[in-house]
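Each of the next two complexes has chain A plus one other chain: chain B in the first, chain C in the second.
Right after this comes the complex of A and B.
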């Protein structure tokens, strides 16, 4: 992993929906970065957030915790966190934890846009 | 019209003063030359006035130029006396040697010019000017040396030197003039007599002056042999020069007489003083090299330092102002000072200057009103003597104090926290040794403090470890060491935390109707926070379970309590397996927990009914998504519950253990009691991990149905 960051977020605030592309390992050490990104989005007044899981390799309970922390506030502002492109392992974890009923999860961007 | 400021700044420019110097110097030489060549061999006295005016002008511009160019100033403070002494001595010896060689050259020129009866005699005054500069160089060095040791004796010496200088000036430039033009010899005779007495006494005083321990520090700085050699050669040179200088008609005085009659009397003073000063230092050197006093001061400072370190460590006192005060007092007992105070930058407002010794507020106010003083104090990184900062020194009102202040910056972990000021009223020197002591103390302060902080941290860590051990003991009691026996079933469980404290939990409880219920749970996160939530979970379960009818109801209640009372990002996954009857019927609910693995008549099945982890969804959503299932076991059937610490175990290649491996063990193991399955699993994961550290808490719960007998 020399030189390659453990975790990265590519943020796109240009459209009405914020796109957060999360890459790598999301665990207790890297969760604060995601926290900051969500806060940043909320400070910009953007509550419609799409998190792209395509390049996420791992998510720990602390990673799930970040979404739980903000989802209620975001929904109160009529926003939402939607998730796309999870790999099968992470999708399985969502299912096991029962979080798939708490979040809208789409296979990819097209499915997401088609649904809107 | 030019104003005064403009004139001053004009002459302060190096190049301007140089042009003027050359200008007046040429004018003087040409004038002297013309006086001789036009009016014949005119005696010195015949053009005294011309010589007086031109000499004063040349001296004035020469002084300006030398000050700017060479920075050779009388009365500048130089704290570096000890370090620069030998190099200055070498330079001065060289200058004196040249002065002596010049004597022969002047003699040669003189006899040549006189033989040729040439009018170029005034040109010999160029050599006279050289000797004037030598004299000026000598006096500025001498004064700087003495100045760096300033005390009452040196101040009196300076005053005496000034008086001698003034009397000589009056004698040469005024009395002679009056005597010549008005033929009144009284003043001239009086000055002549005074001059002789003053010069004799100046010699004596210069000799006795360096008999003080201030000068002894020199001998520790240099190799004694070297120092002796340089000093001896210097003293010999200066003695020879002195005796070539003194007297009525020596070559040296002759060359200066061409500049101005009797000039040699004035320039002799510094040569005399520095010669006897050097002689004395040479003579006191061998026997005074290491006095008891010096050693005693070192011993004192070391024992004070030790006491200070002991104080910091034993008192465990991190009250900075007390520490700084104690530090100041320690330093004060080693370095003899008249007054001292501390600036404590961490303290608020007036408390900043709360610690002082023999200083009044008036003085501090005055001191702090010196322009730019705050910035300078903040910027110093080592012990600094205030007189060495020229800008500040010039700004201190002379009536404020005549001594000096040493400023000692105090750091804690590279962070500046204060300054200690040590002051002397009558002396603006601190010996190099004393400065070293201050520096050592300041560095020691930082180290001692860091040590004490580290010690405290170590103690706290030990205390923390102790408390963790306590908590571990408590946690062990939360997780049952032995599960109660249940008819027709064999049950076993194990929980291995990754760190001292874990967030996993398993238990066997009884619901209101007496149905035994196995619980397995995993609090999100790890370590102490997870352990705390785990204890909380245990408490909640213990308090509500006796009123609960079904496992579904248990989970719903747990969720609604945790949802209300825990932070949103914390969640708990939990499975509840209720043994509904003795005939192998189980009721199973799952709140986000890893699926239950069931081996039913040899077939491995994963049971994952719907269910959201506890603490994240409100009661409605939670209940609507919670599914309770029934599992009917047959004799020999196994149930295997685990936390994700098991299937997410990693080996050296970073591969997860996975559920497939679990399936393999369950299907491949001959089981007579539930513990067998756990033992087999532990052996298997140990060989899988092969030394890799366990990353997450790991819990396994196994259940074997022995059939209804």
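Right after this comes the complex of A and C.
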């Protein structure tokens, strides 16, 4: 178990749109890492953020609380947090909570780019 | 007629530390292999336990990792799962906790307070009991019914 990171973020700040690839388990223990990554993006003045959920296995309220924490500020700066490639369990959870109304969620990167 | 109730119990104790949450989820995921339930149901049950224990760690125990949480799983007749969560922290009754509805989070997004409404959405039944006050012992029991 040790040695395998429970949670990882691959960050790509090279384009105008920031890509955060979140991997593993996002819970009360690992959510602060996501918080830091979003803050880092905002400090760089980059408010158009795409979060890739493809390799995310688990999320709890501490995880989606991080998106809630920053979404208003990011939108005030004419940015947004868009989400792609959620597995069906996580997508269903977002639907139950009504977060599909709050966030734009796309099946994959192609669908996202087609909508931009 | 003799009615036999088939029951199986397993339990795990964790430290009051968010790094223990993954061990708790692994424990239940392993226990769930004995049950005929969907992967999504396992996810929802893990999520409910995770939210309750995260709250205990942060609020009742204020991140004091010397404190303990005991979680007991009982499966009855292959269709009822009772989960008992014991703690010794500051009492917190989530049933009485007046949660703003989830719609409020959509119109005015904010960071916290999502865990308890989410648990209430996921479980079939929830009861809270203060077992003793000196020393303090509390029990939160949640139930899930399968078809």
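Here is the rule we use: the second predicted complex is superposed on the first by the 115 of 116 C-alpha atoms of A that agree within 3 Å, B and C clash if a C-alpha of one lies under 4 Å from a C-alpha of the other, contacts with A are read in each partner's own complex, and residues count from 1 in each chain.
In the analysis below, contacts are C-beta pairs under 8 Å (C-beta built on N, C-alpha and C of every residue); 3 or more make two chains touch, one makes a residue touch a chain.
Just so we're clear, the structure is a prediction, and the values are computed from it rather than from any experiment.
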>> Just to be sure I read the superposition right, which of the two partners does A:77 touch: chain B = first, chain C = second, or both, or neither?
In response: neither
> Taking the superposition as given, does A:6 touch the first partner, chain B, the second, chain C, both, or neither?
Replying inline: second
> Who touches more of chain A, chain B or chain C?
Replying inline: C
> What is the contact status of A:44 with respect to chain B (first) and chain C (second): first, second, both, or neither?
Replying inline: neither
> Which partner does A:68 reach: the first (chain B), the second (chain C), both, or neither?
Replying inline: both
>> Which partner chains sit in contact with A:27 here, chain B, chain C, both or neither? Use first/second/both/neither.
In response: second
> Is A:98 contacted by the first partner chain B, the second partner chain C, both or neither?
Replying inline: both
>> I'd like to check the shared interface: which positions of chain A are touched by both chain B and chain C across the two complexes?
In response: 28, 61-62, 64-66, 68-69, 71-72, 96-99, 101-102
>> Looking at the complex, which residues from chain A come into contact with chain B?
In response: 28, 61-62, 64-66, 68-69, 71-72, 96-99, 101-102
> Which positions of chain A touch chain C when the two form their complex?
Replying inline: 6, 25, 27-29, 58, 60-62, 64-69, 71-72, 88-89, 92-93, 96-99, 101-102
> What part of chain B is in contact with chain A in the complex they form?
Replying inline: 524-526, 567-571, 573, 591-595, 608, 610-613, 616-617, 621, 625
> Can you name the residues of chain C that touch chain A in the complex?
Replying inline: 18-19, 21-22, 25, 39-40, 43, 46-47, 50-51, 54, 57-58, 102-103, 105-106, 109-112, 114-115, 118, 121
